[in-house]
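A, B, C, D, E and F label the chains in the order they appear, each numbered from 1.
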Amino acid sequence: MSSHAPATGDLLVILRHAPHGSSWLREGLDAALVAAAFGQSVTLLFQSDGVLALARGQQTGPLGQKSTAPTLDMLAMYDIESLYFVEDALASFGLTQQDLQLPASGIPAAVIPELLAGHKLILTF
Amino acid sequence: MSSHAPATGDLLVILRHAPHGSSWLREGLDAALVAAAFGQSVTLLFQSDGVLALARGQQTGPLGQKSTAPTLDMLAMYDIESLYFVEDALASFGLTQQDLQLPASGIPAAVIPELLAGHKLILTF
Amino acid sequence: MILHILNRPPSSSLVYRETLAAMSDTDRLLLVEDGVLGALTSQVRHFQQVEGRLFALREDLHARGLEGQCDAVVQVVDVDGFVTLTEEADKTVSWF
Amino acid sequence: MILHILNRPPSSSLVYRETLAAMSDTDRLLLVEDGVLGALTSQVRHFQQVEGRLFALREDLHARGLEGQCDAVVQVVDVDGFVTLTEEADKTVSWF
Amino acid sequence: MRYALLVQGAPYSSQASHSALRFASALLTRGHRLECVFFYHEGVYNAARLAAPPQDEPHLYDAWCALNAEHGTQLQVCIAAALRRGMLDEREANRHGKHGHSVEPPFELTGLGQLIDLGQSVDRLVTFAP
Amino acid sequence: MRYALLVQGAPYSSQASHSALRFASALLTRGHRLECVFFYHEGVYNAARLAAPPQDEPHLYDAWCALNAEHGTQLQVCIAAALRRGMLDEREANRHGKHGHSVEPPFELTGLGQLIDLGQSVDRLVTFAP
């Protein structure tokens, strides 16, 4: 994928936080879903600790806190299909594409500026 | 100072946040003042970005947010006289003891564990 | 051209790396709030790659008593200048 | 002996440096919440100096799907083990 | 130009609200229009109507209300983020069978769709986060 | 042993409240006593009585109340941190001339001195921060 031009669209949501530790990831995904429900073209970029949102095997928290993993499965239903992660970030946690719960495209960090340029609105979470 | 044994006491308050950006510094200083008012022996350690709390020349924020600098001037009135900063942290901002608004003792990072061991309660802010 | 706005200092947070990675060769970076600590001469090396496109908010330097320590490579702007920067950019991205 | 509790990962926050600087040769470190990312084999090098005294909370690894990636040098404890660690220590210090 | 602000930080805990209010004032002085401030994540706490800060500190709640009164800026609060955090207006309090309310006009509880709409309709959306 | 917890994180925004509740449950199961949970900084938002989280998420406010009801754990909220953030009980609302209140028993507004007291009187004080 990294040799192709990255997606363009209405909204780029950048997810930088790991699951469970804070509500940033959940609230960022909610923003993406709502935008898609409004008919906008939405792209997700998982950056830094945010790549862990894609990891397979996430569970409900010990008090019953909902995992964001089921929300990821809903993305396709909302036609959110442009999912990118920063290759170096995933590698920094010792993970590979095989460890991900759904298909996402690895991009080198150098492609990120192009991704930002191609979207009208960018929200960081 | 760094050749002397550091202070011991009831409470060590560790201040790691810069002034103005968050309420951590103010709320940490408040805890120290209250403990001192209750007659406890209190030590302050300025670590990481927290060393900037000691910098001379701080001002009220643009909306009139109170500076924490006047609170520092009250410490002596509450008999809080054991003030330490981590030498490397201050140096990392290009500041020296001459840039500080009140006397505090620089300690090498290696002395911090001794400081922690010497206090019954430790609160980090 | 995008205006990136960063409110965390490189002395305690690594988000500046994500910020820099996301910047094109023409994007600008404005340091605000605790982010202005990155504008000090002793810290500004972290932002070498955006030299000439690096700004810091005067009011935030001033409140912290750090105006005098701000490096000469940094363009210091007041809040009106902040507004101007947002006018001149196509959009803004905040990093925290 | 002090139990230090750290909830931020070395991949995005530098507070782990302050934590390590504050630890004596016998103090222990427990990684919790997002801090457990530091327990992964690919990240645990940041905590080399406390090898043998490094713990991570099982429930937090599990919720993130990362139990399998946790390095063998890390002692994984559940929340009962967390309580035990606080019993065995003279006091606790939280880093965030 | 038409601006909107997204505020994600709680008042007093972080500088986000202060920064947003200062920026709002500057852009209005320059002749721009501020359509809306949208409160999300911990920013929803800015709508706490009972806020009683010390007299010698900025009263952020009152400053938001003044922005609405003087410039017609809408103060919209994400309802999903607000409900779980105990920020309820009278209608939501009734709906949830609770007595009393913590949010009132000029703050309005609204859907996240408003933020998305704003993001596409205004010229500039600027985020202030903790 | 006698424990106290210091909670500095807002509910839902960070995992701090979840972690504190889980730790509380574990220490009680092990036969320790939990004297008090003290709420400071953004932790004061845990006392928001109107919290209405979605049905399929943990109800943190109710969980705190249950801790008080079942184990007699005091729920103390720093009054200075609470007032500026709009967390007022009936007495403080009256004192500030405001209608309604956002905090009620079993949560109690109290001075920061209580935290200092606790820190010296209990065997272990454990902090949960955002």
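Keep in mind that, in the parts below, contacts are C-beta pairs under 8 Å (C-beta built on N, C-alpha and C of every residue); 3 or more make two chains touch, one makes a residue touch a chain.
From a predicted model like this one, the values you see are computed outputs, not experimental measurements.
Enquirer: Suppose you hop from chain C to any chain it touches, then on again the same way; how many hops at least until you reach chain E?
Expert: The fewest steps needed to get from chain C to chain E is 1.
Enquirer: Which chains lie in contact with each of chain A and chain C?
Expert: Neighbours common to chain A and chain C are D, E.
Enquirer: Are the interface residues of chain C and chain D largely the same numbers on each copy, more than half shared, or largely different?
Expert: Looking at both copies, the contact residues mostly coincide.
Enquirer: What pair of chains has the most C-beta pairs in contact?
Expert: So the chains sharing the most C-beta contacts are E-F.
Enquirer: Based only on mean CA positions, could you tell me how far chain B sits from chain E in angstrom?
Expert: Distance between chain centres, rounded to whole Å: 34 Å.
Enquirer: Cα centroid separation between chain B and chain F, in whole Å?
Expert: Distance between chain centres, rounded to whole Å: 27 Å.
Enquirer: Between chain D and chain F, what distance separates the C-alpha centroids? Give it in angstrom.
Expert: 25
Enquirer: Chain D to chain E: how many Å between their CA centres?
Expert: A distance of 37 Å separates the two centres.
Enquirer: Among the residues of chain B, which ones contact at least 2 other chains?
Expert: In chain B, residues 16, 20-23, 48, 61-62, 65, 120-121, 124 touch at least two other chains, as defined above.
Enquirer: Identify all positions of chain D at which a residue touches two or more other chains, and write them in rising order.
Expert: Correct list: 7, 11-12, 14-15, 33-34, 59, 79, 91, 93-94, 96.
Enquirer: Mind pulling the residue numbers of chain F that touch at least two other chains?
Expert: In chain F, 12-13, 15, 22, 41, 57, 125, 127, 129-130 touch at least two other chains.
Enquirer: Touching pairs of chains, which are they?
Expert: A-C, A-D, A-E, A-F, B-C, B-D, B-E, B-F, C-D, C-E, D-F, E-F
Enquirer: Name, in rising order, each residue of chain D that touches chain A in their complex.
Expert: Residue list for chain D touching chain A: 7, 9, 11-12, 33-34, 37, 40-43, 59-60, 62-66, 68-69, 79.
Enquirer: What does chain C use to touch chain D in their complex?
Expert: 11-15
Enquirer: Quick one: which bits of chain E touch chain C in the complex? Just the residue numbers, please.
Expert: So the residues of chain E in touch with chain C come to 1, 3, 8, 15-16, 19, 22-23, 25-27, 29-30, 32, 124-130.
Enquirer: Quick check: in the complex, which residue numbers of chain B touch chain F?
Expert: The contact residues of chain B facing chain F are 10-11, 23-24, 27, 30-31, 34-35, 37-38, 40, 120-121, 123-124.
Enquirer: Could you please specify the touching residues of chain A with respect to chain D in the complex?
Expert: Counting only chain A, the residues touching chain D are 16-22, 48-49, 52, 55-62, 65, 67, 69, 91-95.
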